[in-house]
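Per-chain residue numbering starts at 1, and chain names A, B and C are given in the order in which the chains are listed.
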Amino acid sequence: MLFEYAIVAGVLFGLFYSFLSIGLNLVFGVQRIVNLAHGDVIMIGGFASWELYYTYHLSPLISVLVVIPPAVLAGYVIYRLVAGPLSRAKDPEMLSLILFFGISQILEAIVTIVLGNNQRSLPSGAVISRPVQFLGQNYPGVWWIVAATSVPMIGLILLYLYKTKLGTATRAIMSDAVEAAAVGIDVRKVSAITFGVGLGITASVGAVAPFMLGGVDPSEGVNLTILAFAVIVIGSLGNIAGTVVGGVIFGLALELTQLYIPSWSSLIPYALLLLVLIVKPSGVLGRRLRSA
Amino acid sequence: MAGYMLEVEGVVKSFDGFKALNGVNLSVEKGEIVGLVGPNGCGKTTLVNVVSGIYRPDMGKICLDGKDITHMPTHKRVLHGINRTFQVPKPLSDMTVEENIDLAWHFGGKDNLARSSVLERTNLSETKYKVASMLTAAQQKRLDLARALATNPKVLFVDELGAGLSPSELSDIATMLKEIADTGVALVVVEHLLGFLESLTSRVVVLDAGKEIFEGRLKEAVKDERVIEVFLGG
Amino acid sequence: MDRPTVIDTVKGEPKERQRFVFKQLLKRKNVVDLLGLLIPVVAFSFAPHFYSNEILLISMMIYIALAQGVNVIYGLTGYLPFGYVGFYGVGAYGTSLAILDLHVAPEIAIVIGGLVSAILALVLTPLLKLSGSYFAIATLATAEALYALIANPSLKNITQGPYGINIGAVYSSGGSYVVAVVLLGLSILTVVVIKRSRLGLALRAIRNDPVSASLSGVNVVLERTKAWVVAAAIAGLAGGVFAWTITIFYPSAVFDISISVFAIVFALFGGVGTTFGPIVGAVVLYGLYSYIGVTQPQYFQLIFGVIIVIFVLFLPKGVAGIANALIRRFRMRTIREEA
């Protein structure tokens, strides 16, 4: 009984984790930008959703979409600002790492100063107040709603990448930026938009994150970033669809450890990440799109 | 191994499905100069990369002076006596010429040549204290050569050393290479400039699509049907 | 033109080299480094006479040591150890458990702490095969994993789990101050020595171009590992010094990521790759922190974040870089005036 529960929960959370990580995969896998502020963007999305709920009674499910435009815009602007120094650097990846780390510190500090240090949580009643029954077990309804939200959002990103002109341009840049420029793609502009989209989807998951994480607070940023990295590395960096695989594996691993060896479950994100990086850096899906 | 200094046997190397090297063979005797030519994309530079350990072959064997170096890491191969230069030189840009040579001298093995001698032979003694990033293109090529020389290699792969050099620089470098070969170092000269090659050697190997298609004298190569077809795009 | 500072080992080169070596000791670069070693050590040795907050002084010395450790890893190999605090915590625990379980003297226990961290670094060498950004994140994950491991209630009997360490029995304010000064001197000396050694040459080469370095015969992974182990040992010793200074602490005190962050920011601000840089960075910024940051941590985090962004984008060589540029311009002007 408990085993089935863990499996189902693992998949539900797994979908959420995929949703949580896909923005980072887009930004790191495609653009080689190590966005260490990823977790902080999630957290800001969560705070925004909280504010919108308590001030305007806006359902977080609507916030999921509402936070996207400002985040995309912010991402576009930030990218245009940092693209110059990054392209001139000897090691753009390392530079972006430190740079965005600095940005993450700034974001955390500003949020704490303006909104305080307390954890903000959302009542699941905001979305659904009764449990959902599945295969004879009761699960918090909220989990199903969030998982159900994650699927179309991930689908949207895949649609964007594979069915739109911008998305195709993005993939072209990912495989060969020079070639892409040679065929007339405005690399700077498309990259900026990609970064914006990456931030947009990340803020979006932040809107519903409080339901799954118990709440959001400024200091959680780092752990969320590591979690997202674990997911995308497991699922093969740069492979957007692989994020789903990575997320589900991660979710299952967490739930099963929580079931069988609970006091060690906090180690899972780190242990998984290290294991994959050391044993099979190209991830579960194998296709090495970036060498570790 | 019949006394060959370097033997490359049946080396295969693919990248994401594209076969850059398709069972290529190459034998080099001690102290000889061999030219390696072929159209763009034929696998010349890949071969140099595989031999120097930057890539590992999918199949095949590489033997240096009787020793199997196929799976050795680059630095170990250097210690055994094989080295290469780069088409686009990769000097240690923040370090001076002297420090660049010092490095190879310290780490390149116990039987190294004296540094002053290396600097002289590559005509860099005057620029000893210059930072590598401040050198001219020709000087950087000579520095690359000096770096490789300092490790006292038995086999040296020279990758398009002539590219971008003026005729006088070319003849200077040709003289340098001949002097190096005279000391017993086997040279494999990867080149596009057939004139430059001609001044160095008569033996040439022609590569196409990752496999050798001709081996022999340069004069015969330019008359061979297959070679002509491959170069002129039949 | 400045002469290079490589002191080569004698390999049958003519005798004039040895005289050259001695003259080198009096060269400007060496005098600067010597001062970089002596001034802080002397200053901190006498500081307690003027300033009674010994814990603050010790903390500053610890951060200078940690910043120099970051200097070794980042300044010399270009690899950023976000999880540097992992070695610090392991050193603190190694030291404390050596005192509690093995009953050795605190000084010896601290050395053990350093050794344990060095061994841990050896175990973690597979991480060095990763590229820069993966490495940074992997070290972060490692540090967090170590924290989750050591603070785990299941390990209560070995590490006291989440309940913390108490080695109050061996408390000695004088003793811990002395080892702190020794740590300070050792960490600065390490940087000075490495910069002049073959290892330093190899590391600079690797930082410039690892492929060229390996074609010069450098075993890139081995040399990086040496720097890694040395940096880890410094952090381990620092952790041990902290443990003996404070004698009662929770795991969160020695595995706090902000310790890594501080060390990195101090090193970046002061200027990596130099001897003086991390010292200046640690003294200035930690001094600032203890003045205003303790009561207003958010504002401090903000300032730190801004410093990181500005220095990374515009001042990659840090304060030391600015100082060097000014000195060079001053010298150029005097030369021109003399001409």
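Following the convention adopted for this analysis, a contact is a pair of C-beta atoms (placed from the backbone, for glycine too) under 8 Å apart; a residue touches a chain by one contact, two chains touch by 3 or more.
Values in this document were obtained by computation on a predicted structure and should not be read as measured data.
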{"item": "Innermost chain by mean C-alpha position", "value": "C"}
{"item": "Chain whose average C-alpha position is farthest from chain B's own", "value": "A"}
{"item": "Highest-count interface - the chain pair sharing the most C-beta contacts", "value": "A-C"}
{"item": "Centre-of-Cα separation between chain B and chain A, whole angstrom", "value": "47"}
{"item": "Separation of mean Cα positions, chain C and chain A [Å, integer]", "value": "33"}
{"item": "Chain B-chain C separation of Cα centroids, rounded to whole Å", "value": "41"}
{"item": "Contact footprint of chain A on chain C as seen in their complex", "value": "78, 80, 82, 126-127, 130-134, 136-138, 140-142, 144-145, 148-149, 152-154, 257, 261, 268, 298-302, 304-309, 312-313"}
{"item": "Contacting residues of chain A [partner chain C, same complex]", "value": "34, 82, 85, 91, 93-99, 101-110, 112-113, 117, 222-223, 226, 229-230, 263-264, 266-267, 269-271, 273-274, 277-278, 281, 291-292"}
{"item": "Residue numbers on chain C that touch chain B, as the complex places them", "value": "1-4, 6, 8-9, 13, 198, 201-202, 204-205, 207-209, 211-220"}
{"item": "In the complex with chain C, residue positions of chain B that touch it", "value": "52-54, 73-76, 78-79, 83-84, 90-96, 98-100, 102-104, 106-109, 114, 129, 147-148, 150-151"}
